[in-house]
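Worksheet for the structure shown next.
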Amino acid sequence: MRDVTVMSYGEAIREALDDGLTQYPEMILIGEGVPDPKTIFATTQGLREKYGAERVLDMPLAENGMTGICIGAALAGMRPVLVHQRIDFALLSVDQLVNNAAKWRYMFDGQQQVPLVIRVIVGRGWGQGPQHSQSLQAMFAQVPGLKVVMPTTAGDAYHFMLDAIADNNPVLYIEHRWLHHIQGEVDKNSPRTALTGAALLRQGGDITLAAFSHMSIEALKAATVLAKHGVDAEVVDMRCLTPLDVDSVARSISKTGLLLVADCAPETASMAHKLLSELFQSHGQHLRQPPRLIAYPNHPVPTSHFMANHYYPGAEEIAAAVLEMLDKQPLKQIVTMELQSDLAKDLPDRSFAGPF
Amino acid sequence: MRDVTVMSYGEAIREALDDGLTQYPEMILIGEGVPDPKTIFATTQGLREKYGAERVLDMPLAENGMTGICIGAALAGMRPVLVHQRIDFALLSVDQLVNNAAKWRYMFDGQQQVPLVIRVIVGRGWGQGPQHSQSLQAMFAQVPGLKVVMPTTAGDAYHFMLDAIADNNPVLYIEHRWLHHIQGEVDKNSPRTALTGAALLRQGGDITLAAFSHMSIEALKAATVLAKHGVDAEVVDMRCLTPLDVDSVARSISKTGLLLVADCAPETASMAHKLLSELFQSHGQHLRQPPRLIAYPNHPVPTSHFMANHYYPGAEEIAAAVLEMLDKQPLKQIVTMELQSDLAKDLPDRSFAGPF
Amino acid sequence: MTAMNSAGADLKQLYYQMLRIRRVEQAIAERYQQQEMRCPTHLCIGEEAIAVGISAHLTTQDKVFSNHRGHGHYLAKGGDLRRLLAELYGFAEGCCGGRGGSMHLTDLAAGFIASTPIVGGTVPLAGGYAWAEQMKKSGAAQGCASVAGGTTPWMEEVERSRRPEPRTPEATNVVVIFFGDGCFEEGVMHETMNFAALKKLPLLFVCENNQYSVMTPLAERQPERDIYKIAAAHGLQAASGDGNSVEQVYALAQAAVANARTGQGPQFLELHTHRWPEHCGPNEDDELGYRSPGELADWKLRCPLLQTRQALLDKRLSDESELTAMEASLADEIEQAFQWALRGSRPSIDSMGLHLYA
Amino acid sequence: MTAMNSAGADLKQLYYQMLRIRRVEQAIAERYQQQEMRCPTHLCIGEEAIAVGISAHLTTQDKVFSNHRGHGHYLAKGGDLRRLLAELYGFAEGCCGGRGGSMHLTDLAAGFIASTPIVGGTVPLAGGYAWAEQMKKSGAAQGCASVAGGTTPWMEEVERSRRPEPRTPEATNVVVIFFGDGCFEEGVMHETMNFAALKKLPLLFVCENNQYSVMTPLAERQPERDIYKIAAAHGLQAASGDGNSVEQVYALAQAAVANARTGQGPQFLELHTHRWPEHCGPNEDDELGYRSPGELADWKLRCPLLQTRQALLDKRLSDESELTAMEASLADEIEQAFQWALRGSRPSIDSMGLHLYA
């Protein structure tokens, strides 16, 4: 039985947290700002009122300590969901996440477990600058024992959150800030995700676009315009990083023969390397041409929008690369034109007007 | 003019620190244990006596704070070398390393710089266990703004350390504990390394072995025995991770047509993915066969030597893979036999007898 | 006419500095609405007395580190106003060439080393800087090179109000770190206090306790006890006071800076104050209801500027006409600074990749 | 015959527990030379009074977290000796199935949750566990599931000396965290103390101040001031005492555990003691010279066991023949435990990859 509602990605997260708090009496929702009037971009709105200040609470500024405290509570059977408004702040807690959370079950021979969710938001735009806009997914995804997901659609945002809460392992749930406003269908009755597997966002036979998080949206945009010009791209959303679903991409390239990977991270910090490396080891023969990678430059994001607007590749760069790979350069100009937006480049949507 | 001395890797580090303290009056050597009677496995021996307690000193247990303190001292013109006896402890300081050290020069538009060396040791053997034997090089190497080196030979240990001290950027200097006792030539007069470039440890035409840190030693061992059986492997030591010298490997495979990468890290945390991904994008045509990767399993190292001894692949596994790739399986048995050692598998050398 | 009070403070000068910060912040708030300063901006309106009362005791040789709420610290230390504004606009002439925005400021010539927005991030850096100053003085690190990694064209044309150099040759340069009550919860604070006390560093910790971390009140984050007493327990000389009284801040800072300068080790001041605008952004946000009713209004009655203005008039250290002239000259300076900033140039896209490595 | 002293301590029982730890540690040290316990091992010889004096007040429902030097904490809490030894040998019957070795211990049935060797790593975990205990009691988290991720075959066959359950139904389970003077330097200590004080957690911090972090003396790491006074400044009820007097530890712990149990918030004890053997490993290392001359010898005169033994004899609570019998029974228990451990099985190589994820 389907039970579909259309809501934004941010609303889907709120909905999942709400349902989680109902379904799991042992769930706690904690983080700097969780119960404040802005409620983490409205994703925790109303939850303190509904579930009480003991279960929905703010915290001191002490990322490593509070992560350890949540691990301890998880060992005692709670299900804490710890929120950082920026993934950059989670860097203070790498010790607890990597030395403890990721290893606890293993090193205690399966006798103990850490059902913990760390919810982090990747910043972008309006001058977030070097310390508030890092793309750190690959740093965490390489750690055995952590589960890392980057849902792209509202539906995945909902189900991944609920499944992360139910999961008995530490799960890092990475949201890109620019996904929050995007609407999508949420079917609460769809089956459990197990937090694995890529998603086929669009079928197509000409080229495979394997993309991560917000870049999947950009890839879709590119694919939509390309389709008008006879280029049919398949878009695979690499929404789960551990394990990375290499097989889905292999299946797609066995059909298309061409691969472009688009990641929202600096090249050195891109999960694309693991994807391409695995394909090279086992499925290289499918490709008619070497694969290509579109990623961010290898330096921090400068604050000034005059620079930052050129830091981020998007649909235009993806479309241009696709046309090059298909040897259809003449289409570049028209496709680029159709992809151009009048929205300021450092804003995710029209409702947005700084400072956050 | 060459001025060659044979010394161990550990001695080479001590020598470089000594020379650094002489050449740079602004150098400070600090870390838990630096001046204690064991002097970080004898790598800081005699330095406090020679340069005084102000410049060669111990520190409180406060990895993040002390890293920040060293960054601050570096901003003021000092050249701190901060030592962690285990790389695992550096996880407490990821905030300062990534949010500050790596970005400082960039975000302050080149007006300030952080001449800082972080010296860390990767543990292995004698039950180091899950929290004292992590391989974290890829976690740090992905961060734009950090320089990461993993010298394999005594010569590189010396020059990389001295060049890291001279470098005006934050450098993470990663030592594998099992390299410390290995002897090698140090020519103090050889030119500056600039902390870049792979090293060709052995020439050969049959297959390229690209290896990292201690795995380069294992690759050399394998190559030596293989050579007796007519297989001539080229060994490329990927001693610098940022930038990774992909070109040297490309050059080698354009000659050999076969590539095996051996890394001392769990597969998900392996730098090999970046290497293979880049090769796939630009040099895939050189290979007659898909490349292979030998790495550690994707879980922590258990303490029990009964398990840990089987955690680490080495020369035997490398040789076996080479023989498979060259379709010379019949040689496996004899080569494996010749590679077997009577040394206990959790000890780096005969002089070693726990507990460290 | 100078206007020394009992502690030797030039009250008029202090007032002028506070007013300058206030007017700059207000001008930023006003123009922020134009959506051309496109970066997160944390104003310090209501808290000006702290930056001013502390910096009055510092020379350009003394160093300041700060946090996300850094405009006041930067200006009080003598940071270039024009380059601050250019930075907010994202122009190449900004003090970070546009790479930092409001939350990353620097003016090395003024001794304002850096502000950054990871809470607690600059605290140990200040400790390390103070340590280096101590080592340079002791001769432990004679060959110590300079901090600058290069100079920029505008560095030379910077002019600013110089302050007297340290009096005695034996005195050490002092390093000051400004941070908030929220920051005090970060472990790195304690790690730095411990090291500073161990090494007797010439370091002054200034805790601006405005009772909030973003919108979260102290009571949701810390137990009831005094912050400065923890510092005292760490072995620091510590005191607390009214952060809205510039005279009190001045007097406390006088002792603290003198102690730090003369080798008596790290000092800690907890100064109580209140932020008037929203945490981040140009507006007021009292309607959100996270402050208790009347709280903001009460604090506005205790405005550091109003109090000082009244004292100046009461003590006849100044008069309305002089204060009006002061306003006019500031309005003029600020207007010109904005004009200068707005003539700034867009950083070239090609330059975006520079300066990652030395 | 029981042997209550004024504080109600059963001195003979305390002595027995200390002696048991001492003899186990000595037996480990002796056999360590055979190179079959192949893992870093930090012995607590000289520091036994702390673990014993604290745990005397704990039930199996109370929980303990510990650090790299955890054997004493584990044994005093009722952790299974045989599985400790099997763990040191790396056998499947070890309390972590061989995955942890000396530095990672657990015995959930005894309420000994975990020890791990990243200094400071378990401190916030203890805080979080205490928070969960508090929430369970308040009913905030009724549906709270159990901690175990699975059971192991030997879990069931574990037998141990049970202690009385908490007396009143209103009382909360108490969580204890043991850590050293070095650990106190880690920022996470302060983050945890702040949260514990904020939430009034049923948590007892026990600082084993043995003056050294590995071989580095306190004076190279901390300024002169009392550790427990920092805890007091954080808002904890804090005290210090002689960690080599089991009677003093017992008395201090009695009050502290009672306070924590009855909702009076977190407690902190700084207990002065000294480690006799080398930091890590089975040997003495006085010849290395990092301790001041005579320091170790002085502390040996203040041996917690010797003192208690003398008190037992002086107060005629025991006699030589009973103490000799005690030694014999311990020797027997320990010998049998080693025999049991040495019959352990090698964990299968295939099992190495299990249990990473639930």
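Letters A, B, C and D name the chains as they come in the text, with residue numbers starting at 1 for each one.
Rule of thumb we're sticking to: a residue touches a chain if its C-beta (ideal position, glycine included) is under 8 Å from a C-beta of that chain, and two chains touch if they have at least 3 such contacts.
Which chain is which protein? Per UniProt: A, B, C, D = Pyruvate dehydrogenase (Acetyl-transferring).
This is a predicted model, so every value here is computed, not measured.
Put simply, the chain farthest from chain A by mean CA position is D. The chain pair with more C-beta contacts between its two chains, of B-D and A-D, is A-D. Computed from the mean C-alpha positions, the centre of chain C lies at a distance of 47 Å from the centre of chain D. Chain geometry summary: the mean Cα position of chain A and that of chain B are 32 Å apart. In this assembly, the C-alpha centroid of chain B lies 37 Å from the C-alpha centroid of chain D.
Measuring from the averaged C-alpha position of chain A to that of chain D gives a distance of 42 Å. In chain D, the residues that touch at least two other chains are 96-100, 104, 116, 118, 121, 185-188, 190-191, 194, 198, 221-222, 356.
Each of residues 59-60, 62, 64-65, 88, 92, 95, 99, 106-107, 129-131, 144-145, 298-300, 302 in chain A touches at least two other chains.
If you check the complex, the residues on chain D that touch chain B are 32, 35, 38-41, 90-91, 94, 96-104, 116-121, 182-183, 185-187, 213-216, 220-222, 280-282, 285, 288-290, 346-347, 349, 351-353, 356. Chain D makes touch with chain C in their complex at residues 185-191, 194, 197-198, 221-226, 229-230, 232-235. Contact residues on chain A toward chain C in their complex (touch as defined above): 32-33, 36-38, 57-65, 88-89, 92, 126-132, 297-300, 302-307, 310-311, 346, 353-356. For chain B in complex with chain C, the touching residues are 24-26, 28, 52, 54-55, 59-60, 62, 64-78, 80, 95-96, 99-100, 104-113, 115, 144-145, 147, 167-169.
Residue ranges on chain C touching chain B, taken from their complex, read 65, 96-100, 104, 106, 108, 113-114, 116, 118, 121, 123-133, 135-136, 138, 140-152, 155, 187-188, 190-192, 194-195, 198, 354-358.
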